[in-house]
Each structure stands twice: as C-alpha cells, then as structure tokens.
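For reference, chains read A, B, C and D in written order, and residue numbers begin at 1 within each chain.
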Amino acid sequence: MQEMRYQIVKARVGHIIFETDTWGARAFDIILLCLILTSVLLVMLESVASLQAQYGALMRSVEWFFTAVFSLEYLLRVWSARKRWRYVFSFFGLIDLLSILPFYLSLFFDSSRYFLIIRALRLLRVFRVFKLSRYLGEANTLRRALRASRAKITVFIGTVVILVIVIGALMHVIEGEANGFDNIPKSAYWAIVTLTTVGYGDISPKTPLGQLVASLVMILGYGIIAVPTGIVTAEINQQKNRLERLQKSIENNPEAKHCPNCYSDEHQNDARYCRHCGGALAKIIS
Amino acid sequence: MQEMRYQIVKARVGHIIFETDTWGARAFDIILLCLILTSVLLVMLESVASLQAQYGALMRSVEWFFTAVFSLEYLLRVWSARKRWRYVFSFFGLIDLLSILPFYLSLFFDSSRYFLIIRALRLLRVFRVFKLSRYLGEANTLRRALRASRAKITVFIGTVVILVIVIGALMHVIEGEANGFDNIPKSAYWAIVTLTTVGYGDISPKTPLGQLVASLVMILGYGIIAVPTGIVTAEINQQKNRLERLQKSIENNPEAKHCPNCYSDEHQNDARYCRHCGGALAKIIS
Amino acid sequence: MQEMRYQIVKARVGHIIFETDTWGARAFDIILLCLILTSVLLVMLESVASLQAQYGALMRSVEWFFTAVFSLEYLLRVWSARKRWRYVFSFFGLIDLLSILPFYLSLFFDSSRYFLIIRALRLLRVFRVFKLSRYLGEANTLRRALRASRAKITVFIGTVVILVIVIGALMHVIEGEANGFDNIPKSAYWAIVTLTTVGYGDISPKTPLGQLVASLVMILGYGIIAVPTGIVTAEINQQKNRLERLQKSIENNPEAKHCPNCYSDEHQNDARYCRHCGGALAKIIS
Amino acid sequence: MQEMRYQIVKARVGHIIFETDTWGARAFDIILLCLILTSVLLVMLESVASLQAQYGALMRSVEWFFTAVFSLEYLLRVWSARKRWRYVFSFFGLIDLLSILPFYLSLFFDSSRYFLIIRALRLLRVFRVFKLSRYLGEANTLRRALRASRAKITVFIGTVVILVIVIGALMHVIEGEANGFDNIPKSAYWAIVTLTTVGYGDISPKTPLGQLVASLVMILGYGIIAVPTGIVTAEINQQKNRLERLQKSIENNPEAKHCPNCYSDEHQNDARYCRHCGGALAKIIS
C-alpha cells in the first residue's frame, strides 16, 4: 500500500517533469525555461568586470540559488525517470548534469565556472514545449536534408581544407613574416578568414603579388560559397517534393499503408516494413 | 443640404488622399512622396555637423514647413477617413503620427528630433502608387514564402542564438580580456560578427588556439549561411509552382471557381469558401 | 565603276570589323581584343606612382600609339557601318568613342585620363568573338531571369534602403559622434556595410547597446541575404524548365511552329506571332 | 621462371599500391595517408619560428625520414605501374613527384622547402580509400554541375572582372592616394574585397562621395552574389532530376540498355553508344 502510493507519486512527478501534455507539466516546463534563461543571463553578466565588481556578492548568492534548484530538479529527474540509466546517459541527461557540475567544481577551480554556460544548451528544451511536434518536424526536415547531403558536404569540406593549407603556404612564402603571415598555420587561418568572406583585416596582404593572389582566392571563395548553398537548397527542395508526393499518394488511397521512402502503397495490413525498400511503415512524416 | 455637401467634400478629399485610381489622387500621392523624400534627406543632412553649423537656421525653418504640411495632411486623413479609428490605429496611421510627433517633442527634448527619420517608413507608400497591385503582389509572394518557412526560421535562429552564447563563453575562456574578449556578451557579439561573415575585425582572436576555434566557427558559419538561403529558395520555388498549377487549372476550366490553396475547382457558384480547405475563394492570386 | 569599287571595299571592311564569321574578321577581332587588353593594363600600371616615375615617358608614347590605333578604328567603324548613326549611338558605339575621347581631353585637363579605363568596357566584345551565340545565350538566360524578377528586386532594394536609413538614424543616436557614427548618412553607410556582411570595421559599435543592435542587424542581414539568392535561383530554375518543355514540345512535333513563351504549337505556317500570347514565333531560344 | 616470379611480385606490389580492394592494399593506403597527414602537419609546424628554434634539428631529421619513405614509395609506384609513363604524367603521378622534389632542392635553395606543402594535395587520395565510389560519385555530380554551368560562370566572372577595373578606376579618382586608393590595381583589389563581401578594412573609403559609391558597389555585390548561387543550385537540381528520371526508367524496363544522357532505352543489346545523342551507354551513373 505504502509502496503503491510511492509508485503513484513517482509516476505523477515523472509525468510533470518529462511530459508536456497536461497543465501542470506545461507550467513546470515554462517555469524551468525561465529559470534557465535567467541563469544563463546571470552567467553572462557575471563575466562583465564592472558588474562583477559592484554586484559580485549578490550574483554569487543568486548563483547558489539557481544551482540548488537545478540540482534538486536533476535529482528528481533521476529519481522519477522510468528508465533511469537511459535518462542519465541521454543527450539531455548529460547536459542537465554538466549544467550544475561546473558550479561545484568552481568551489575548487576558478575558471570552470564559465562552463555554466552549458546551461544554454538546456534551452534546446524550448522546442519540446511550444508546439513540440511541429518545430521538431521542421528540425527533422533540416536534419534529413543535411544527412542526405553529408557525402557532398564531406567532399566539399575536405577539398576546402586542402585548398586552405596550400593557399596558406603560398601566401606565407609571398608575404612573409613582415606582413603578418608569420607561419603556415597563421596563413591558413587567413585563408579561411578570406574564403569564408569573413575578412577581419587583422592580417591582410600588403605586397602587390599578395593582393593579386588574395583577389583570386576571394573570387574563388565567391564561387565556392555557392556550392554548399546549392547542395542544401537542392536537398530541401527534394525533401519537399518527396513529402508532397507522399501526401498525394495518401489522398488517392487513404486506406492503404504508405511507405514514406518509396511511396509504394501495396502493403499488407499488418506489415511493419516496406516490402520494396525495407523502410519502417509506421511513422508517417507529416 | 449643408450636411450633404459636407459629406460629398469629405468623400472627395478622402478619395484623393487614400486612393490612387484618379488623376488627382495620383498627383497627391506623388507630391506627398516627393515631400517625404525631401524631408528625410533634410533630417539626414541636418545630422551632419558641418552643414548644421552653416545652414542650421535655414534647415530649422524648412523643417517647420514640412512638419506643418505633414500635420495638416494627418488631420485631413483623420477627418476624411471612412473608418476613423481604424485608420488611426492602422500601421500607416501610427507611422503618420510618429513622423510628426518627434518634431513637437523636440521643442522640449533635444535628441528626439532624430526620430523624425521614422518618416522614411512613410516611403513604403511608394509601393502603393507605382503599379500598386503588381509590386504588392510580389511583396505578397515574398511574405507568403517567409510566413510558410516561419517555423524553420524560428528553429534556425533559436539554434544560432544558443550556439553563439556557447561559442562566446568558450572564446572568452580561451582568449581572455587581454585580446578583447572582455566578457561573455562581448564574445557572443564577436561570435555573431563571425558567424554572419561580417567580420569587422574590431575583436579578433590572437592566440593560436583561439584562431583554430575561430576557423572552425567560420567553416560552420559557411555551412549555416546555406540553410536560410535553402529554406527561402525552396519556399519561393513552391509558391511559383503553386501559382503555375493554379493558372493551368484555371485555363483548363475557366468557368469554375478555383481555390488558390488546394486548386480544387468543384465549387458551387455562390460558394465563398473552399469546401476542401476552407480558404477564401474570392481573391485569386495573379 | 569607281563608286562601285568604293562600295565593295566599304562592305568588305565593314564585314571584317563588325562580323566574326570569316578568318579575317576573326583575326581582326582577336588582335583588337589584345590591343584593348594591353591598353587597359597600361592605364592601370600608369596609375602606379613608382612605375610612372620610372617609365612615364615611355608609357606616354605607347598611350599615344594606342589612341591613334583606336581612333583610326573608330573612324573606320563609323565610315563602314551600314547604318552609320545607329552605330554611333549604339551602346558599343558610345563606348568606342568614350574610350578615346578622354585621352584628347587629358591634353587639357589632367585627371580625365583615368577615364581611359572605360576601355575596359570594350572587352565586353570578347563575348562576341569566342563562341558568340552560346555565351550570349547564357547571358540572355541570366538577363531574362533578372528581368523577370525585376519587380521583386525593386521591392527588395526599396525595403533595404528604407531599413538602412532607419537603422542608421537609430545607431547615430545610440553610439554618437564619439564612436565614429558622426551623422546619419555615415551611420547609414555603416548599416549597408553591415547588412551586406562586408564589414570593413572602419566604423564599429563600441557601446554594449550599440553592439546588441548591431547583432540584431547582422542576424537580419543574414536572413535578408537569402532573399535575392532565392529570387534569382527560382527564376533560373523556371527559365530552365521553360526551355526543357519547349525542347520536348519541339521533339514531339518538329514540323510545327512553337511559341517560346507559352509552348503552344497550333500556329499557321505563315504566322509570325503566337496567337495565344502574342510573343514572336521566329526566334527559338536554343 | 625467374622472370615470371619477378612479374608476379611486381603485379602484387602494384596491386597493393594502386588498388584498395584487398586487406593489404587498404592497409597500405591508410598507413600512407597517416604518413602524409603527419608530414603536412610537420611542414606547417616547421614554419612556426618558436618551434623551429626549439625543435629544429629534430624536425629536420623527421623530414629526412618522411622524404626517404615517400621517395621509396614513388620509386615503387613507377616500377610497379602497369603503364609506367601514363602514371608518371598523370595528375597524381606529378603530385607524387612534386611532393618529394622540393626537399632535395631545399638542400641547395632555402625557400623551396615550403613547397613541400604540395604534399597536402596527396591527401586527395583519401577520397579513393574511404567508400571510394560513393564519394567520387558525389564529386562527379558537383563536377558535372560545374561543367554544365561553365559558360554561365565564364560570362559572370568576365563581367565581374571588367566591373572591378571600372569601379577601381572610379574610386582611385574619387578617393585618391591620401585615403589608400594609391593606384588603379590597388583600387581594383579594394573593389574585389568589397564585391565579394570579404571587407578587410585595410583600405576603406573616407570621403562622403567615396562612401556613397562604395554603398552602391556593396548593394550591387549583394545582388551579384546571388547569381553564382542561383546557377549552381539550378544545375544541381537538374542533375538530381536527371538521375531520378534515369532511375525510374531503369525500374520500368530493367532489361534494356539506358542512355544516361537522354534516357532513351531503345538500344540494341550490343550497342555501346546511344543512337539518339551519341553518349556512351556503358557507364550508368548510380
């Protein structure tokens, strides 16, 4: 009896903490997000020397308060999670731990306190609260588009890295130490700054020959920047087309099971995987 | 009788001011646009110290003139508007008020005068005058494309903000105050300057480790810049395809009513909303 | 008889100068292009102070030589052109004149010599020589894509200009003269430098509030840069699709006349304009 | 007999060195890549003055070791290559030679050692080892997309170069030497830095007129940057559509030979070239 009431309380707490479908669970998540946001702002402001000098003691106390609240929340999560270890080693579980650990470490080592900023990653929870499914759906489209063009992106970045090293070496020889191109790594850093069109100007070619090479690199970068954009755009286009075709197929034959990969609709009623491509039939992208 | 003539004058003035379809109404709008343009240029030039010193008194008088004209126009608009309060609280109604208010305030507070620049927003009226429907149609396509990809853009900006804070904290720890990364907010500012490939160079990494992290951030930004482009492009593509399909459907069956949302054409003649998707049938995008 | 031989010589010279389809005409154009290229390089090098000091006299003589050649060529063109005045007032006719005029003017006014660089525009002739039709075809696709999205681009640039002025005024008030935001025009210049992600860093915000606003402007610019790309990409896509459909239509029914605008192929044999859309039938894009 | 064993050894060595399909060949390639990577890092670090001062002697010895290994590998490659001269004059053959030559030259001339960085190009071999076909397939899509839009890109770059020279001359006249626009080549360099939105800020306009022109150039660059992106995106889109159509055609009629260019499938069984477009039938893109 005692045990059962304990189980009920645990389940109810777990529901409030992990779900977002009841009034209480939603309120909990929103309050938590406000606390996280405030604590991230606090850590940011704490790093400002003038504010630190004036309100240092106050900030330290508020920090104590936040850490106490988040520690309590972490313990509650671990306690009430249905699959305890799965939570502890999940992405959010590790983030939750890493967002309180630095404070305790900072009692011994000073600089570790800045890593409290990892709390910012907890803000990713926001996507779970407000219209969860829809926003995650969008993130999924992006992620799928990125994953599909992974091979192209790898070839692209690999080529860019090799290019950057060769350009860096060339400019190091042309410009030399006198003009800030001290060594190949620093010249490669300049090449990246230039190819990505960031252009700080902390290092910039001074000799006519160097400026000529830099001009060529810039025009090259101009063309290169078009490549990832083209890849991602084409991929997003294709994801959209795929989705549209799936929707049309569902409209035409709403009874049948549809494969979200190959759009075939000739599946048996109890089929769980597509007999054409082997993809899971259950989860319809919508 | 008196009352009726008053109503006629009011309607005629209202037509000249709010519409663009008659000769008089068009002339009024074009003169108004020229006045707005001149007054915006005046406010800009007034802020130049050397010109202010030389022509300050003259500029002040012209400013008086413009404000008098715009005040008169505002009163006329309020008086002749068919739905008075709807105009007053509409976007352009508020802009019209805000574009004259600062001048009167500037008699008491000095710096408020610069907000006269809000007048520039009145220039948006230009799109109403020259080939109104066509340009607004284009703006609508853009707006619809942006609205359709709102969710994706929110996910994107949210992720970028979180990324920027984490990178900022990291660089603050790596580079420290000595190299300009004074505190986390400033480092986050640097991260935005870098990720967006603006790259002022007012703050730039000096240590080898900082330059390595900055290089990674730049290559990341290189890829990230592709995402909004891809989203907007795919959206514009889809808007165009939708429009094309609608036009084809109209060509095939010009008699029927067509839904601009789902292209169905099986509507009753007096239907005002699509029976499939609930969208308004009346306004055909063209 | 004399007259006739004169006409023949004139026609032959005109052919060599204006066409590219015979051996002689081609050779003439290539030699001309080399001369133009050399003379552009010369003007560029002449502006370098150290070279001017050393080889000034030599350069001046070579300049005399080039101008003499180009003047002679211009006179020959005017003389041999079939429609004399049409050439003189055509784009290339004016460029040809403007590329020799400054030199004669420079005998009286010094700085006008730099405008010899207008000669660079003559290099546009290069597209006429090497695989003329193909390259111009490509340029046509680009131009048509740009023209089709003219309305969208106008709305876009108009909005950007208004935005830049408002942001400029805002930053002028926030940062003030002390930090380089001297007046609204200069602040607007900064806003353009930032929105376009150029980011010289000659002016950059120093106050925390200014840096916050600048960050928002950059993220805005990040999104805005996606819009023209999206517009142009969608337009190029559509041009390609149109072309593809036309080619398919020609393949299916090679005998008929095809309208390059609406792809209809039900034209009478002697029709010169499309009876559906009024477009010219003669010139098939290919 | 002796000769035959020699031939077998040669073939086996050749297989290990040039192929990637056996365990030994793969191991050889991976070890080689690690060696190349380490040696590139070494050359980069060697250029850092502080490291050179401390570990110069050590680095020099390791360099000797790497060069010895790579020389041995080169000799083995030349010896075991099935078509010796074809390898020697192939892209990778020349790179292999150029990656060891500079070290021997550096015994006589000092600066040539930096060109050891050409070894970085050998890293391109990485694409051959890890999932060769797939990554090269992606590179092929990119390459084909780039080749297909070569004409457009040429027109585009030609126009940009001419534009840059004209803008450079204009700014040289407006700003003059006092503000860093010393001569036309340097001003053209500035124009490239601005048009590509790199924006170092080492040269930036100071006069109001110069800033106005620079603003126009930037907005122009804003629009221009959209063009290559649009071209590449449209091209990638088309490559994908082509591939999809080919796959669909193969699915519908898996027995027939398919032309990867025009998708026709009416070829005789022993046909090697497409009878419609003349493209090779053998290599199916997949």
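The criterion applied here is as follows: a residue touches a chain if its C-beta (ideal position, glycine included) is under 8 Å from a C-beta of that chain, and two chains touch if they have at least 3 such contacts.
Bear in mind that the values here come from a model prediction, so they are computed numbers and not experimental data.
Chain pair A-B has a twin interface among B-D, A-D or A-C; that twin, with over half of the contact pairs alike by residue number, is A-D. Simply put, chain A must spin 90° to overlay its Cα atoms on chain D, rounded in steps of 5. Under half of the residue numbers found at the chain C and chain D interface occur in both copies, marking it as a different-residue contact. Separating the centre of chain B from that of chain C, both taken as means of CA atoms, is a distance of 30 Å. We define each chain's centre as the mean of its Cα atoms; on that basis chain A and chain C are separated by 43 Å.
In chain A, the residues touching two or more other chains are 185, 188, 197-201, 225, 229, 231, 233, 237. For chain C in complex with chain D, the touching residues are 40, 43-45, 47-49, 111, 114-115, 117-118, 120-121, 123-124, 126-127, 131, 134-135, 137-139, 141-142, 145, 153, 157, 160, 185-186, 188-189, 192-193, 196-202, 225, 228-229, 231-233, 235-237, 240. Listed in rising order, the residues of chain B touching chain D in the complex are 197-201, 229, 233.
Residues 151-152, 154-156, 158-159, 162, 165-166, 168-169, 172-173, 177, 182-185, 188, 194, 197-201, 204, 208, 211-212, 214-215, 218-219, 221-223, 225-227, 229-231, 233-234, 237-238 of chain D touch chain C in their complex.
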